[in-house]
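Once you scroll down, you'll see the structures, which are given as structure tokens.
In the two complexes that follow, chain A is the common piece, with chain B as its partner first and chain C second.
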Partner chain A sequence: MSQATRQAREARAGLLLSLPAAAVIGLLFVLPVAYELVISLYRSRVYEEHNPFVGLANYTWLFRGGDLAAATANTLIWTVGSVVGQGLVGILLAVVLMQPLPGRALFRTLLLCTWIMPAVVVGVVWRWIFDPVSGVINGVLGWWGLPAADWLGSSTTAMGCCILANVWRGIPFWLLMVSARLQAVPAELYDAAAVDGAGVWLRFRHVTLPQIRGIVVLCATLSFIWTFNAFDMIYALTRGGPDIATTTVPLLIYEAGLRNGHLGEAAAASILFLAAMAAVIGIFVRRSLGRQEEV
Partner chain B sequence: MRRAGRAILGFYLPLAVIGLPMLFPLYWLASSSLKTRGEAFAVRPTWYPHAPTLEGYRGVFGGTFVHAVQTSLIVAGVTSVLSVAAALCGGYALARLRFPFRRTCGAMLLFTQLFPAAAILIPLYLFWSRIGMHGTYTALIVTYLAQAVPITTWLVKGYVETIPIETEQQAWIDGAGRFRASVEVVLPLAGPAVGATGLLAFVGAWNEFVFALALTGTDPRKKTLPVAMVDFMGQHGIEWGQLMAAAVIATVPAIVLFFLAQRFFVHGLTAGAVKG
Partner chain C sequence: MTALFLAGQGPGSSGQAGRLPVRLVYATSITQAHIFEAGEGFVLKQFMRENPEIEVVARQIPFSEYDTQILLSVRGGSAPDAGRVNHSTIRSWAGAGYLMALDDLVARSGAITPSDYYQGFWQVCLVGGRQYALPLTTDCRVLFCNRELFERAGCRIPRTWAELAEAAARIHRPAERIYGIAMPSDTEWGAAYDVVGNFLVANGGQLLSPDGRQATAWSDPAAREAFTFACDLVTRHRVCPPGMAGLNGTVVEALFVQNRLGMMMSGPWARANFEALRPGFAWGRDYTVATIPAGPSGSGSGSAQGGWLVAGFSATRHPQAVARLLEYLSRPESLARIAAVECLPPRRAAAAREPFEDSFYAVFLEQLATARPPLALVPQLPNVARMIQRAYQRVVAGSAGADEALIWLERRLNENILR
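After this line comes the complex of A and B, so read on.
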């Protein structure tokens, strides 16, 4: 068999074998986005017979009403609050758990469970914890004679509670990633810093932090994207309410499209959402590629 | 003495301050699933079940939840098997064969993991409705392949790459055809790891919510467990004890399967992360 025919056969086999995976990506990602672009240009209501072409009317409608702006603001608060909270507690716990003391493995394992369990379950448990009548938080407050509150039912506290629950869920991921990186930090660095008389904070600031910088950026990017896209937790906790106090863009798409039947508008919101997402990923890829070239 | 003092200050104190509240929801979930109806509804919550009962679990298996468990098992099981089959082909090809668009394929697999599911709800909902298949298991399974196939393919590719190509080449020289060589050499070596990716695909589909919410119809018998749980909360006077029992049933398979699969996968995940 000549070299050329062998290469051609290999290429054919490769294409054939990757066909199922490629089909899944094509049929379930590329095609739906294309279809969605079309839907977003038509007036498409579940309860109407005709779907006339309306150009960009769905998009202008989104910008005229205040809901998309409010949902975008909510998405940013939810995402930034969650990522910062998860990161701070996760890094702190990873540093604390560096010390080989009994109980560490069990604690890590239990914590990991919170990351694996269905997000809906996390939402349901926290919804009960925040429950105004039989929730633990109000129970404890009542103990100390403090007034009860409707944590998820009031627009001033609902988003904070959602973020708190999501921080809880996301910490194990940070803990796992940062711990793995910390284990690779050479012990000599700490010894040298200790000889120089550096205390706990200085050692963290000048030895640990520069070493984990790369992994922190990676974790922050991943959890930013995941939180930005998240749906399950908020839906289980508040369903976007009260009113639209915790409605992020994914919830807005669901509520507008599948609950209220405004499919065209929801499709337009999805397209804008995808564009925002693509921009975020684009910036990250650019920056990380740029850094690789420097090295 | 000083050492012990430092251990308490530097380890157990922060662990108690952050760690115990962190474990509390887990404890709350597990312990409350054993509470009686009245106790779970009490205005003054009790810290542990005073009269432990399996009432909640009996309620789960007596009601619509049992159908939900069944639906979740079917959907997650079929998704897992199909995605492993696709991943074996695609993962092997990406790891071993040179063909056009190979790198593009690999990059696409990773990008799908960042893709917002909510953003394609509308077209998928319309598509399955218009062909009259909205609310069927098939619609849900095919949609779940979108989230399962890319990650399983990527993991299988990683495992195949760890198998030295020389073992395969040896088999070709011994006269086996390329296809037979791959099947006979790679499959037994990668078998356990491939099984592990199947478990992960199962957990992913088992936990999934937004597609299940959009693509299951009104038939309560065809809802997956997460959707059934949220539905249950929408009713008046939530029976928290029973809901927690359902939550435990939703959680246990995910955790058990994850830990079975973990030794093949967390290492790979963090190894890649540390390198980058």
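After this line comes the complex of A and C, so read on.
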């Protein structure tokens, strides 16, 4: 048997073996997305019996009459703020907890509690913390004679508060992943750097950071996906308010589709959201894979 | 298959010994066990006792998720057979063909007497001249006044908006964490009904034209006045607690029972909530109720009316059994029991029964005569309510003035929502 024939046969077998997986993916992903795409071309409203074909009208409405632009800006602020905040604090804590500090095991365990809590619970807890009448933050400010603030009710502070709550929840994931990687970094590298006269910052900059780059990219990708998609935390905290200050695209889709019954517009927003997310993740993964290949 | 066949025969043919009972799924938004068991749960058990060939299973869904879950189940092919329908969604659900027409049932029923119902709410059940639901409960908001704070401030119960603002200002002492008045605004319904809606009806204003085709939030002077007054309490008179952009109903009630809030506008359900938050906090001794103060337009007191209807879903395989259930639920004794604790019955024969003879309800029944749903019941109502909430939040969060917010609201409703 020639090599070409063997290769062709193997390719056929591979194709055959991958068919079940392809069918499952088709059923669970391609079919729903295709259906969503079809709905997005119709004026599909739950309170109307007839749903006529409207072409791209739902898409144009999103840009002209909807709040897509504001919701997209909010989504970007929410995602970038959360991922950067979680990353910075998570890496910092991971580095600090590598030092032989008393009670660090207990501290690590306690920190993990925030990660295992459902986002809705975290949202409700933080809503009470920020509550302008009986919240902890205003209570503490009152001890110092400072005026109370309406943290979640003000357009200027609401998004920051949501990000803070999400950073608090996401830190343990980063801590866990980065700590695991740090434990695998050979101590000799630090010793050699110290011998060369590198201080704390230089050791971090030239030893720690290059060593954890891979895991940081992975954590950032996963955090990005989870945060970009997040619905429950913001819903529990502000329901997208005040006005539209914390309405992200997932909230906008929920409001359009399930609250207002405008399935066509919700489907159009979902398709755009999916495309945007796929593009960002694609670029992210490609760049990180490229870097790994370089390494 | 046999069971399905027998179940499909309807109650008239399935009551014989040895036959399987018809099983109905009844959806309700009442999830608190003590309220359900005392009301609908009790009535459903009675119904099953009197109709042993029909089994009714309650599907309890929290109010905040009720419409969404019912819509999803209808679209997904697992609609309940019968259940509550919020007055705000009847138009959209009937228009989409989700509900059974009940004209025949009303015409032949001896238990359902249209003239005995409060007419405003009976009319809500008619869509395009056809009957798609029956009133199950109704409610209206009144003014709750904390007696201790009123006595301490030396105030009278307010009858006009000017008196309301004055009383609130006299009670309000933020340094002591005592506040004049508060209304929940964390949900679109709270903002549209409890905050803006009461003042709107009490001033004879219309945010939407009666046919629901045109927004008049800015064009109607009475509506403009009502919205502005609701905002002024926060921004100009400054008699509200902090956080009015998203104040939670439980926080409002908690402040009231802690003697830290002078006034709030709420429905009959507040009494049970007060009792749960602070046992012994009693009507008459600790607080009193009054009709909503009248606005300057001279239309007299008025209040936002709400309530629930009951309907059969058109996907049911047991329309006869559903009709029997709806008829049973519409009896005065059933309605009185269902409404007890948290709302008012929608027909007079039920309102004459216990516990509505209690003088606590006298003000509610008086207010009911001048109450109406604050908005035309258009299919886009949830979206309209959300826009009202956004306009209100813009003002109290300081990002717009009342006029600016109203102009935005009217334009947004006309250009994007009611199109």
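Heads up, the rule we're going with is that the second predicted complex is superposed on the first by the 259 of 295 C-alpha atoms of A that agree within 3 Å, B and C clash if a C-alpha of one lies under 4 Å from a C-alpha of the other, contacts with A are read in each partner's own complex, and residues count from 1 in each chain.
By definition in this document, contacts are C-beta pairs under 8 Å (C-beta built on N, C-alpha and C of every residue); 3 or more make two chains touch, one makes a residue touch a chain.
All figures in this text were calculated on a predicted structure; none of them were measured in a lab.
A.B. asks: Following superposition onto chain A, is the placement of chain B relative to chain C best described as a clash or a fit?
C.D. replies: When both complexes are placed onto chain A, chain B and chain C end up clashing with one another.
A.B. asks: Once chain A of both complexes is superposed, is A:Gln99 in touch with chain B (first), chain C (second), both, or neither?
C.D. replies: In the superposed model, A:Gln99 contacts chain B only, not chain C.
A.B. asks: With both complexes overlaid on chain A, does A:Pro132 touch chain B (first), chain C (second), both or neither?
C.D. replies: In the superposition, A:Pro132 contacts chain C only.
A.B. asks: Quick one: name whichever of chain B and chain C touches more residues of chain A.
C.D. replies: Looking at chain B versus chain C, the one contacting more residues of chain A is B.
A.B. asks: Look at A:Val24 in the shared chain and tell me whether it touches chain B only, chain C only, both, or neither; answer first, second, both or neither.
C.D. replies: Only chain B is touched by A:Val24; chain C is not.
A.B. asks: On the A-aligned overlay, A:Leu152 touches which partner chain: chain B = first, chain C = second, or both, or neither?
C.D. replies: second
A.B. asks: Just chain B (first), just chain C (second), both, or neither: which does A:Arg259 touch?
C.D. replies: Second partner only, chain C.
A.B. asks: Is A:Tyr47 contacted by the first partner chain B, the second partner chain C, both or neither?
C.D. replies: A:Tyr47 sits against chain C, while chain B stays out of touch.
A.B. asks: After superposition on the shared chain, which partner residues are touched by A:Ile244: those of chain B (first), chain C (second), both, or neither?
C.D. replies: Second partner only, chain C.
A.B. asks: Of the two partner chains, chain B (first) and chain C (second), which one does A:Gly65 touch, if any: first, second, both, or neither?
C.D. replies: second
A.B. asks: With the two structures laid over each other on chain A, which partner does A:Ile212 touch: chain B (first), chain C (second), both, or neither?
C.D. replies: After superposition on chain A, A:Ile212 lies in contact with neither partner.
A.B. asks: Overlap of the chain B and chain C footprints on chain A, residue-wise?
C.D. replies: On chain A, the residues that contact chain B in one structure and chain C in the other are 131, 133-134, 258.
A.B. asks: Could you list, by residue number, the parts of chain C that touch chain A in their complex?
C.D. replies: 67-68, 71-72, 75, 91-93, 95-97, 177, 186-187, 241-247, 251, 254-255, 379-380, 382-383, 386, 389-390, 393-394, 396-399, 415-416
A.B. asks: Looking at the complex, which residues from chain A come into contact with chain C?
C.D. replies: 45-49, 61, 65-66, 131-134, 138, 148-150, 152-155, 238-239, 241-245, 255, 258-262
A.B. asks: Where on chain A does chain B make contact in their complex?
C.D. replies: 7, 10-15, 17-22, 24-25, 28-29, 31-33, 35-36, 39, 89, 92-93, 96-97, 99, 101, 103, 107, 109-111, 113-114, 116-122, 124-129, 131, 133-136, 139, 142, 168, 171, 176-177, 180-181, 184, 200, 214-215, 218, 225, 228-229, 231-232, 235-236, 249-251, 253-254, 257-258, 263, 266-267, 270-271, 273-274, 277, 281
A.B. asks: Across the complex, what residues on chain B touch chain A?
C.D. replies: Per the stated touch rule, the residues are 7, 10-12, 14-15, 18-19, 22-23, 25-26, 28-29, 32, 40-45, 85-87, 89-90, 92-94, 97-102, 105, 108-109, 111-112, 114-127, 142-143, 145-146, 149-150, 153, 178, 203, 206-207, 209-210, 213-214, 225-226, 229-230, 233, 238, 240, 243-244, 247, 250-251, 254-255, 258-259, 266, 270-271, 273-274, 276.
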